[in-house]
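Quick heads-up: structures coming right below.
Two complexes are shown next, each including chain A; its partner changes from chain B in the first to chain C in the second.
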Partner chain A sequence: MTGPARSFREATARRRLEGVLDPGSFREILGPAHRLTSPHLAALDLPVSFDDGAVVGSGLLGGRPVLAAAQEGGFMGGGVGEVHGAKLAGLLGLAERQPWAGVLLLLDSGGVRLQEANAGLLAVSEVMRAVLSARAASVPVVALVGGGWGCFGGMGIVARCCDAIAMSEEGRLGVTGPDVLETTKGVEELDASDRAAVWRTYGGKHRYLLGEADRLIEDDLSAFREAAMELLSARRDLGLEELEREHRHLGRRLEEFGGCADARDVWRAAGVEDPDRLPGLEPADFRAAVRAARRGDR
Partner chain B sequence: MERLSFDFACRGDPAPLLAPILVGVVASGNLEVLVEGGAPPGRCRLEVLTSARGFGEIWEAVLRDFATRHSLSGLAVSVNDAGATPAVVSLRLDQAVDEYLRRP
Partner chain C sequence: MTAAELLAALFPSGHSVREEGGLLFGTGPAAGGEVAVVGTSGGLEVGVESALALSAFVLEVARRHPGRPLLSLLDSRGQRMSRRDEILGLAGYLAHLSRAVEVTRRRGHRVIAVVYGEASSGSALALGFLADEVHAVAGARISVMNLPAMARVTKIPLDRLEEASRGSPVLAPGLESYVRLGGVESIWQPPFSKALAEALARPPGPDRRSERGQERGGRLLALSVRERVREGEP
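This part shows the complex of A and B:
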């Protein structure tokens, strides 16, 4: 690492792109001056944003040309509306047209923007299809998850559709987020106000231990940049064999951990000695502590 | 939402015609500011879309102060506001002009 740590979590979407890509290389597509704001939010008399919370474009990563998108969690929790989703899907659509070295998705989103209802849901599904199309065209898609809003709902599925995921401990990944889980399954299932339990369940460490995140890194822009460079070569097969292998892996995981009530029980069952100390470890120590217990699904 | 438009006379140097810049985020108590060149010479134009209704006079005071301090002829500023305080608005506007002029 060079220079002082610069938090990925605290940065805006634009700052994250500047910090992850080669300095000065980012070229935005359909930037804020185009004023592609959400017609749905305007109809509901709600504030809009000139970029609809999605910054998309191209740049260089270690000198290699890449496409990159970043969601702005500060604007409506990174919620995917029609325009926001179209920008992500459109960018991914460019991946097949030129020999890009990859696509980086800096995800920070609670999922669909509820105000846009079906248009938002459709947009998310279009993003999923676009990720898989880019991968089918042999362009790797890498998700970086370390924003304050986590990566939930449809965007959690989008992240897992990618070739690889890099997460910080602060990042969270899941489909049903903590508040929705508590509302639908009861506080006995998960107390959404218990931050330690929330991070044990969704946080980067747990996702790394389960093999869902490929890298667990510091909350630092340079660390995300380095992980992104490495993961551009981490391609996953998209064929039927790989799909069946993944299904077997998930089946085994359910057998192994299905009875666990808390992430600590999962860690213990996975063979981690003294699992209670895991949340307090720095990323490097944590990686060393779980090396033998980590479940690799790729 | 309330839309406010301001058009102040600016006697200062012409604003250079650079790539537009966006600073800030439309989040509670915050705002985004888009700065562009291309307003008519001798004018500074500002457009505000705010979620807090009824604060037109305060906006005018804050934006007039901004236009006076920087006095860049031909500057166009667009704001999406989610209830930022006047001090935050002033700081964001200064940040936006600073970044606009510093961009390569």
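This part shows the complex of A and C:
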């Protein structure tokens, strides 16, 4: 790799798209000039954004035409509202209309935007269906997770509905996020301010070891770009046989790790030597250390 | 309404659906033959084990009973919220259930969902909202979060949220909101067996929820934004 690392996590949604796609190739669809803002936020006297926190468009990846969407964590924590969700679902609909090489979803979201909760939940559901519909039309959909808000709530399920997920170590993926878990179940369940515990529960390393993420990469735009290129070529069949295989895999996971109360217990049960050293390893060393133990190789 | 009451109303001549630990599995007779029934009861919060058990049943229907309709009955407060479920990868289990329902539909099974209790968040997304048609019975409750909890998380004063939610289907928890937004096709009136037969008789089609939301005045932007992006409008 040449040049200094450019952090994916620290970049805005548009910078992420520029850094992942071929330079200068991104063409935004229904961009901020249209000023499509959320009427529901305005009704609550809250600030709006001209893109409603979702940047969608087309571009090239290694010379191949792709569609790409990026959630802007800096606006409402990437929360999915009516307009935001409709942009994502629309892009996935466009994917079925031309022979695109795939769709990249740069996810950075706490899930449903509570200020428009009901419309947000339906929008997430429509995005889920649109992901699965694009996949059924043989268009690969790849999720990139490495933003500051992670990928939570319904968007965590959306990510796992994709063909593949690339995550950085700092990326986090789950359904019930740390704050909601602490608020609803108490600090004994999870202390959301305990960064090490949050990381062990939701972080990229644990997700990769478990097989919930397909690639564990550095927090670097070029690394995400390379992973996206690789994963677009690894389309996974969305058929009954594949689901039955996945079913056995998820069943074995419960048998092996169902008794674990902490991710460290999972790592130990998976046969990782000296699991306490995992948090300190660089991604490449980590991948080597868990190669034998990793459950997700498919 | 309890699961037993709903099942008795759906299948007046009897059924073989068993209720076990908050999960529903079985079959019931309908006009065109047997219908597979899967679901939750008692507000079950769906965790990794129950998501896997529901998926197993759905995949079995797809494998062993080609074309048999799938009726999904939902009373669930959402996903189970625990550190253990998150450590084990609940997102993956709920996505697996979602894919199982979707693939079953694509293999030619009609999929109908009925919300008869609560429906919320993760379990609604994975089990209910992927159906060809989502219906509900009177008294069912659908929400993301109640308003007091929403006030805490969003830091918007409760009275402000209550005021804003009046007449706003986007914000007000409840069944009527979801009907207006297009997420629920209809509220079934008795006899439910007839409503089920009619739903099963309709042909499958694409996701029309944003069209419904537009027609009913609940979501005025979802359809047009989606269409404009699908057209690639610069």
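In the analysis below, the second predicted complex is superposed on the first by the 296 of 298 C-alpha atoms of A that agree within 3 Å, B and C clash if a C-alpha of one lies under 4 Å from a C-alpha of the other, contacts with A are read in each partner's own complex, and residues count from 1 in each chain.
Simple rule for what comes next: a residue touches a chain if its C-beta (ideal position, glycine included) is under 8 Å from a C-beta of that chain, and two chains touch if they have at least 3 such contacts.
No experiment lies behind these values; they were computed from the predicted model shown.
Undergrad: Thinking of the overlay built on chain A, is A:222 touched by chain B (first), by chain C (second), by both, or by neither?
TA: A:222 sits against neither chain B nor chain C.
Undergrad: A:109 in the overlay: touching chain B, chain C, both, or neither? Say first, second, both or neither.
TA: neither
Undergrad: Should A:93 be classified as contacting the first partner (chain B), the second (chain C), both, or neither?
TA: second
Undergrad: I'd like to know which partner A:82 touches here: chain B for first, chain C for second, both or neither.
TA: In the superposition, A:82 contacts chain C only.
Undergrad: After lining up the shared chain so the two structures overlap, which partner does A:71 touch, if you call chain B first and chain C second: first, second, both or neither?
TA: So A:71 meets neither chain B nor chain C here.
Undergrad: For A:58, decide between first (touching chain B), second (touching chain C), both and neither.
TA: In the superposition, A:58 contacts chain C only.
Undergrad: Name the chain, either chain B or chain C, that contacts more residues of chain A.
TA: C
Undergrad: Touching A:239 in the superposition: chain B (first), chain C (second), both, neither?
TA: second
Undergrad: Going by the contact rule set out at the top, does A:168 touch chain B (first), chain C (second), both, or neither?
TA: A:168 sits against neither chain B nor chain C.
Undergrad: Applying the document's definition of touch, where does A:31 land relative to chain B and chain C: first, second, both, or neither?
TA: both
Undergrad: Which residues form the common part of the chain A surface touched by chain B and by chain C?
TA: After superposing on chain A, chain A residues 31 contact both chain B and chain C.
Undergrad: Which of the residues in chain A come into contact with chain C in the complex?
TA: 27-31, 36, 39-40, 43-44, 56, 58, 82-83, 85-87, 89-91, 93-94, 97, 112, 114-126, 128-130, 132-133, 136, 153-154, 156-161, 173-176, 179-181, 183-185, 189-190, 200-202, 206-207, 210, 212, 238-240, 243-244, 246-247, 250-251, 253-254, 257-258, 260-263, 266
Undergrad: Can you name the residues of chain A that touch chain B in the complex?
TA: 12, 14, 24, 31-33, 35, 45-51, 72, 74-75
Undergrad: Touching chain A in the complex: which residues of chain B?
TA: Listed in rising order, the residues of chain B that touch chain A are 1, 20, 22, 25-27, 30, 32, 34, 36, 49-51, 78, 80-82, 104.
Undergrad: Considering only the defined contacts, which chain C positions touch chain A in the complex?
TA: It is residues 48-49, 52, 55-56, 59, 62-63, 79, 81-96, 98-100, 102-103, 106-107, 121-122, 124-126, 129-130, 142-145, 149-150, 152-154, 156, 160, 164, 168-173, 177-178, 181-183, 207, 209-210, 213, 218-223, 225-234 of chain C that touch chain A.
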